[in-house]
């Protein structure tokens, strides 16, 4: 693996690295850690890389690695840069035969996502998008339960992703993570909806297997001076007639990383909270609520396949992230052997990326318009 | 107190009665428990009333009691009938000099609420509306905290009231509570929004002191054959620029009585759940979440005034309900002495009733229209 | 009902009164609220009693009421005085034909309890002891589940009752509740074990149906100057071979009223917390934990019979207390008709009182001795 | 690092490996995965080791590696075998100049622990014991808070470690983890107290900085046919006069891995649950309970130094384990440079191992004797 981004001071680069290492199937062999060659070089030791595999730019990395012998060169790139710097390295890597795993949202704009989809399809290479939260065992279990029909037809979906770290204008007081997210040139048309709202939308579609067909949104920049949203709520309609609400915020003061989903069907409901990820609440019409737990009792094959330790030994965010990497690595291995990915070891890909960008475009359109419902049709494609 | 409604089989009549009794300030002296004089008579013993004070109709009760000597006749009526039977008895009671405490929503229609407001203002009598949840000590505390400014300016309000008991068409299999709620002739223009949504809207306005100015709603009748909504979600805008979401449902299978509110300001947030009503979560930007508890530590005067037992001895729904009755009784006592109600012992009244009916009218209008935002202005008044 | 104790400033008197009123089956007709006739008289209005039924002493009350006509005189006395003042009024009331409901621990000493048992048996009157916590619906459910065998043979019982209000020497700074509890002349041989430990022991025996046979205790007075324990832990052995731990404390700073029990059998376990009394956790060997809830789904007849409102409308301490009163009142009614108490409406009585006093005597003996195990045999009787 | 134990089917071997890898500071270079050379060889690929570094025995590994050039040979061994196989490889490794990280309890017997301590002291090498739970950030925070004096003098300590997986005689139906733990020849004098009780005792001493001075224990083998305990409870006395209870069980049916500690001082209390490890409850005499959270707000330097991701991204068991490995690796690095370990990056060592073995010996002695208190003095040393 070669890392693009993740230079000194980056949080998410280190997380990708730990996630990649955890299962001893992936090795970091090179990196282009910053667009600034100096910073890139300085970051090498943080990743225990020797100088010759630390590159001044991703283009240099892709070109140089391509010419290394097969057993030696990187197999894939991992892209952990701001949104505006996803598309170019992804396309260049794919065009040069490297698989790609990329942070979300997949691109800067819907158009880029449409173009990237073409490249992925043309090259036939593996593309993964780190919607981390789909990697949790209890999310796999939730998806399995909905699919099994135990809840009956799904009617109502409440998904929320609330944080509080942007309650104050920290982007103007040195917080780099905040600065690029609030910069339209780096983040795109949205801050909060792109940063966390797309995770929430993805989770809702992933667990239910349903598709959002219409949105009605109200986005806000509460902190004066912001050009992009720091909060938003969206009424949702799904393809089977289900209704829902998605609310995402980064000004919910005191909230840490409160991604939570509740899904109700005719016969039962479920609830999952990312901050206590090893419990899955199952609610029934006329019998006690049950709490399914990672590693405990009889769970689905999918949940078991994404669990590392016995029940009661909490698995967390890094493990969920590692599940995405492990599954991506598995797909890459299978690709080498000419095999399709194993559906048991699934991961989000370019289609999920495209859905996310479409969602973003439509909620921004809805929020600024006076029409009640905006269709989630991709008229650009 | 004279009870109107609450005949054999009624749940809410018994609750009103227990709430009225708890503090030994109110005595049930008569009742017209049903529009069916037979049923009314049969219900008397359930309330330990002797026959002569059990009436065949509320009209008979009001007329007869009016002619009793002062120390003997009822002071007020408590109305616990379906929505369609609130206005007439309330007006008749007020017109004959009796104070009124009434279940919510206040009337069948907005127009009735407007008319009732006139009667209340003209008679100068005490009118209470049993938005029970405002009676909890920790709701009083939450209101106090917002008012104190500790959270800073309020930005985001998430309020939800989810139940599951109408997931199946129980109104067609003998559930009387469901039957009248789903009957437009008895319930009015809404089932779920009227039954629980108005509680949620009232709670949001009560705690924050803000006013909802615009709504954008999506109501649904998920169970086939229903004429009224069994679910709905509403985007909210408040008079200070705050935004919010209200979601109310009676088809969230497995939910009991999940009224919950979260309020976020610039400097902090709070969260209260009716099903664990003695805890109030206080969330802060840079220090640990706190859990304020009924009866524990230093709470507001308002919280203390609505608490009966020491910390750790849970107070529940009946106690909250009894707080409404106790405060109403206090206002009635003060009225007799020519005094204004004590603001410390507040309770919802005709204004809150009117807000609720306006809210109902506007969310139904919004849900059926294609306009994005509907103003909460009362153009009928 | 005639109240003995509960004068101005008393907390528990008011609670008994609310509990008695709630179900409209009991009326307070007289009281001897204090050993000080002045205080007793002043307390009358707090209970809305007219002067002629407020007595200067319990002896006067019992004598005077006895001579009133049958329909007018009190049916029973409720004793809410400190421990040293339970035995005399209880015996006097019983001897004069009045039933008795009494706060716990039942008497000042084991010997008194043995003597009182004799009086109860001789008079054949109804005697209730307010181990309030057995009145909760989910405690009834827990007892039912153990009895049904669903957990298999019981092996391990962990019961704890932790409070923090005696962490500081508040008995020396004006706290009357603390003062009598820490006074050996009023409380007896123990403060904390008597005040809360007996509740815990009673709860364990009540739910499991087992009997404690041996104890090994370590009691402590952590706050300097105290003559009685403010903390204690006890290893327990039960008659079926089960083992357990009881820990009770009033110096667990920050704890409110944390009574909690966990019971484990071969096939499952259960957990109940008084501070969230409407949930009962059921734990199983190989399937998800379940949360049984007051009023929800299919519960035992016993749980249903002690529930007032639908699921999700929290019932609390006063309701549990009222269940004891309601059941006692029911037994008194049946007694009048020459019938036995209905086992469905059970309540703790003199036997439970005796067990509590025995437990107290044995844990104090164990704590001060060097023998490992002390038998719970009642060699005094 | 060279792994001793962890062959095919082992759970804990894989956990050690993941923990070692996570921070990219440790590389597995060799292993002796089983006493059966065949099994050892077969296990190599599971760890992605090439054949030449997979050894038939730990003795062979230590000898061979010792002769490899400095940059190539392992720096330390990690011992993950049953208790009876800790001492020999640990001593051999140390004697040959290799540092050791070892699973707990440190040895088979107290005598072995005493002997091992000598070897550690003589060689001056680094020895770590994987009491994993001390690696959690919130445990570090708890220790810091106690040390800071914010809770006042500590009075009461309740620690429990309950599991349910040995409720049935699974050791006789093929569960290898159960089989060796229940075999006195492999586990030593105790199953449950050794397996989980020592963790609990260690946690109590670690967080409080206090020393257990006396124990009074009741151990049980509930499942017929067992030679070693599957459950036990212990009254504790600490060197500052604090009292406590330790309860450990593997027959608490339905419990997963419920390690929990509560500590009460004069001024406040704290509570930590391993199954929700990122929350630390802080309880105060007269203000709301606080919930300190991993990564959130202002925490101690120690907590921050053991945190990898921002607040709300749950860290779990593997991360806690990795903290032990990371700190051990840090100490090894510093040792190479002739420096002392950094106290900020602390980890349990031979002293903690010795305390654990002493605790085991004394609780077993106490449980089988009739003396009430057994001193925790190490008369063998």
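All chains are identified by letter, namely A, B, C and D, in their written order; residue positions are counted from 1 within each chain.
Keep this in mind: a residue touches a chain if its C-beta (ideal position, glycine included) is under 8 Å from a C-beta of that chain, and two chains touch if they have at least 3 such contacts.
Owing to the predicted nature of the structure, the values given are computational and were not obtained by experimental measurement.
Taking each chain's centre as the mean of its C-alpha atoms, the one that lies farthest from the centre of chain D is B.
Taking B-C and A-B together, the pair of chains sharing more C-beta contacts is A-B. Computed centre separation for the pair chain A/chain C is 55 angstrom, with centres defined by C-alpha atoms. The distance from the centre of chain A to the centre of chain B, with each centre set as the mean of the Cα atoms, comes to 43 Å. Centre to centre, using the average C-alpha position, chain B and chain C are separated by 35 Å. Of all residues in chain A, those touching 2 or more other chains are 255, 282, 284, 289, 293, 296, listed in ascending order.
Looking at the complex, you find that chain D touches chain B at residues 282, 284, 286-293, 296-298.
Residues of chain C that touch chain B in their complex: 11, 14-15, 17-18, 21-25, 28, 47-48, 163, 255-258, 274-278, 293, 295-296, 308-319. Those residues of chain B lying in contact with chain A across their complex are 151-152, 155-156, 158, 160, 164, 167-168, 216, 218, 220, 222, 231, 233, 235, 237, 243-245, 247, 249, 251-255, 262, 264-269, 282-285, 289, 369-373.
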